[in-house]
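Shared between the two complexes below is chain A, which has chain B as its partner in the first and chain C in the second.
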Partner chain A sequence: MKKITLSGISKSFGGSRALENVDLTFESGKIYGLLGRNGAGKTTLLKILYGILYPSSGRVLSDDKEIRINDNFLGNLFYVGEPDYFPVETSLRKLFSETKYFRPEFDTEYALSLTSLFGLDSSKSLRSLSTGQRTLFKDILALSSGASFIFLDEPILGLDANRRDILYRTILGKYNESPFTIVISTHLIEEISSIVEHVIILHEGRVVRDEPLDSLLASGYSVSGKKDAVRKYISGKSVMGIDALGGFECAYILGARQENGHQDELEFGRLSLQKIFVQMTGSKGGDDK
Partner chain B sequence: MELRFEEERPIFLQLAEQLEDGILSGAFPEESQIPSTTEISVRFKMNPATALKGINLLVDDGIIYKKRGLGMFVSEGAVEKLSDKRKEQFFERFVCSMIEEARRLGISESDMIGMIRRGCAS
Partner chain C sequence: MKLKPTLRFIMGDISIKIIPLYYLASICLYSALYFTGDTSGLAAPDVFGSLLASSFFLIFVLTAMTANRSLRFLVQVGISRDTIIVANLLRAVILSAAISMADRLLSLYMTFLTGGFSQKYIDPVTEFGVSDSCFPYYLLFEFSLGFGCILFMILLALFCSMIWIRLKLLYKLLFLILSLFIVIIYTDTYYGIDFIAESVGYDPLMTAVVIFVFFFGSALISYILSARRVPVRD
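Right, the complex of A and B next:
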């Protein structure tokens, strides 16, 4: 399988729209960041991909073909949602061997080695784990799954800095060995920005950005200085948002940087993923006078 | 080699510059091997495509070269090439911007030269 495509996917729960006409393609061998605020539709999207939820309309395609029940589509994918789906009294070791039963490509040995790398006790039951440890359990399952498309939903939830560090290195180590597609869904952005190659930003059920990280970062810039100078400079330009601090302002602008003749009074900067994300997904009308 | 990345510039450029620093300081002597993209990717937690992009900048400049199946090595003459390049950058980044600022402040050429002498002497 070379790619998975979502075509015109919409999903409603009762009267509320969770996803609205989503078109996306996940290609093989890439690291994606699926970003959105809480409730943006990230988890719904992942669940539709994995067949846990049916879309209200739209299609999921594998290599441009409609997915059929007898395809080995799900064998290529791995997604773990809330670990509540697992029997909570069972030990991690047993859960690994049961996963192997359903998924012959599952690498039990690797799962156990990651378990000890992260300092988990494989004889413990899922119930006895803390939030962070449950997150790790999910991550270990995914990384050991042998799937070519892995979807990680909030893979760093509750993890301390040390373990996040080990996790990023583990993901990259595995990815370097044999590239697979990994879609990291999170609202904690800054840390993953050096890892991801392609960024998808979801906002209120819609895709607002879907492009390589490099081009996303190059799509705009920041300009800061005294309020009057900033206001004069940005008039007629496409402004994403403005941060104000007393008489000082920083504006975020879409388009190519035009510094000429303004270097004296204004300072120009590059956008970070975090800044772009906040500007693209902030509540509208926040232009405070 | 210790990489600390700032937000302001693309990571691949910063990686290329820090590798250059390593070559200039002798941490990576000429004809020695530099870390692979995999090592750089894992160690500094960056996408391997980013690491490759940074390394390819140095390959394009002839600072490092690839030995098929063995890895990447510092080219002979890389140090001289880099220090020439850095001197040129020194002129653009520091001298030109200093002159610009001096003009803005109304500092004359002779005053500026006097200040440089004073700085060198201290």
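Right, the complex of A and C next:
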């Protein structure tokens, strides 16, 4: 399977719309970052892909052919998310062997090696693990699954900085060994910007950005300096947003950098993924929905 | 379709291992009652009725313990709904048939304990009291009651699955009504198959088949259609 396409996917829960007419393609051998505020529809999207939820409308295509979500299709995918769908009283080792029972390509040895790398005790039950350890267990399961498309929903939930760092290096190591598609949905945007190649931003159930990270970061720039100078510079330009701090301002501008007479008083910089995300999805404190 | 591992997984659940223990405990209980001389509650029809009731309860508890748990894990490891539904149907059939058969065997054991296989009657020629043995297999394979029980238990097992995987109330009610219909039609001697066949003027066997196909078929279809889209509980 070379790619999975979602075409016109919508999903409603009662009267509330979680996804609206989503068109997306996940190609093989890429690391995707799926970003969105709370309630933007990220988890719903991933659950639809894995057959946990059914879309209200729309189609799922595999290599441009419309498919029914069956065992063969799901055998190429692996999804782990925040809820524990595993029997919590079972030991990690047993869960590995039960997963292997259904997915012969599951690499138990690799799973056990990651378990010791992260300092987990495989004889312990899932119930006895902390939030971070459970997250790690699910990440290990996904990375050992042998699936060609892996969907990680909040894969760093509850992890300390050291373990997050080991996890990123493990993902990249595995990816370099044999490229697979990995879709990471997280709120720690800056951290994953160092490993993702392609970014999808969801906002209020719609895709607002779907492009390679480099192109997204090159789509604009920031300019900062004294308020008056910044205001003069940005006049007539496409401004995503402005941060103000005392008499200073930092403006985020879309498009290529243009020279004009005010640039001596100003400082120019690259856009960061987090800034782009915040500017695109609004700065309200509450959830989107 | 990964049907074989799925069926093996759901049949291998720890709760399924309760079944032999349940019947072993039943045999011990009834034997103890017999050997302590208390045989008043062991009359065959009463025992069979209470066996049925406890077996329905057993199926309910077993399904309650396994349905959602299995569904969540199977979905997590990438088993499709179609496979899960087929495996659940097969499990319901296997469990129901096994439990119905075990109930009948236990009932026979009770009948044996209480001497129910021997019937006394007055020989019209010699005018002496004579004992005769009933043919126990008749009780075991007697059509309508046994068949009705198996069907009802299958429906009950599916119904329980539906309860625990959060289906719409409408589907649950539909299932319950169909289940009750089936058990009444197949087990009630007065309002049963014979009564309906006589009312519509058909052969009783043909009537039984038509009713079976209609009710059981519609129950299965509604189960399959609804279970295909039920969300997994987080």
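We adopt the following convention: the second predicted complex is superposed on the first by the 276 of 289 C-alpha atoms of A that agree within 3 Å, B and C clash if a C-alpha of one lies under 4 Å from a C-alpha of the other, contacts with A are read in each partner's own complex, and residues count from 1 in each chain.
The definition used in the following text is that a residue touches a chain if its C-beta (ideal position, glycine included) is under 8 Å from a C-beta of that chain, and two chains touch if they have at least 3 such contacts.
This one's a predicted model, so the numbers in the text were calculated from it and none came from an experiment.
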item	value
When chain B and chain C are modelled together on chain A, clash or fit	fit
Partner with the higher number of touched chain A residues, chain C or chain B	C
Touching partner for A:Ile52 - first (chain B), second (chain C), both, neither	second
Chain B versus chain C as contact partner of A:Ser130, first or second or both or neither	neither
Touched partner set for A:Ser235, first chain B, second chain C, both or neither	neither
Contacts of A:Leu77 with chain B and chain C, given as first, second, both or neither	second
Partner chain in contact with A:Ser16 - chain B first, chain C second, else both or neither	neither
Superposition-derived angle with apex at the Cα centre of chain A and sides reaching chain B and chain C, degrees in steps of 10	150
First, second, both or neither for A:Asn38, with chain B first and chain C second	neither
Touching partner for A:Ser194 - first (chain B), second (chain C), both, neither	first
Shortest span in Å between Cα atoms of chain B and of chain C, once chain A is used as the common reference	28
Chain A-facing residues of chain B, complex	5, 7-11, 37-38, 41-50, 104
Residue numbers on chain A that touch chain C, as the complex places them	50-54, 69-71, 73-75, 77-80, 82-83, 85-87, 98-99, 101-103, 147
Chain A-facing residues of chain C, complex	1-2, 5-6, 9, 69, 72-83, 228-229, 231-232, 234
Chain A to chain B touching residues, read off their complex	31, 165, 168-169, 172-173, 175-176, 194-197, 214, 217, 264, 269-270, 272
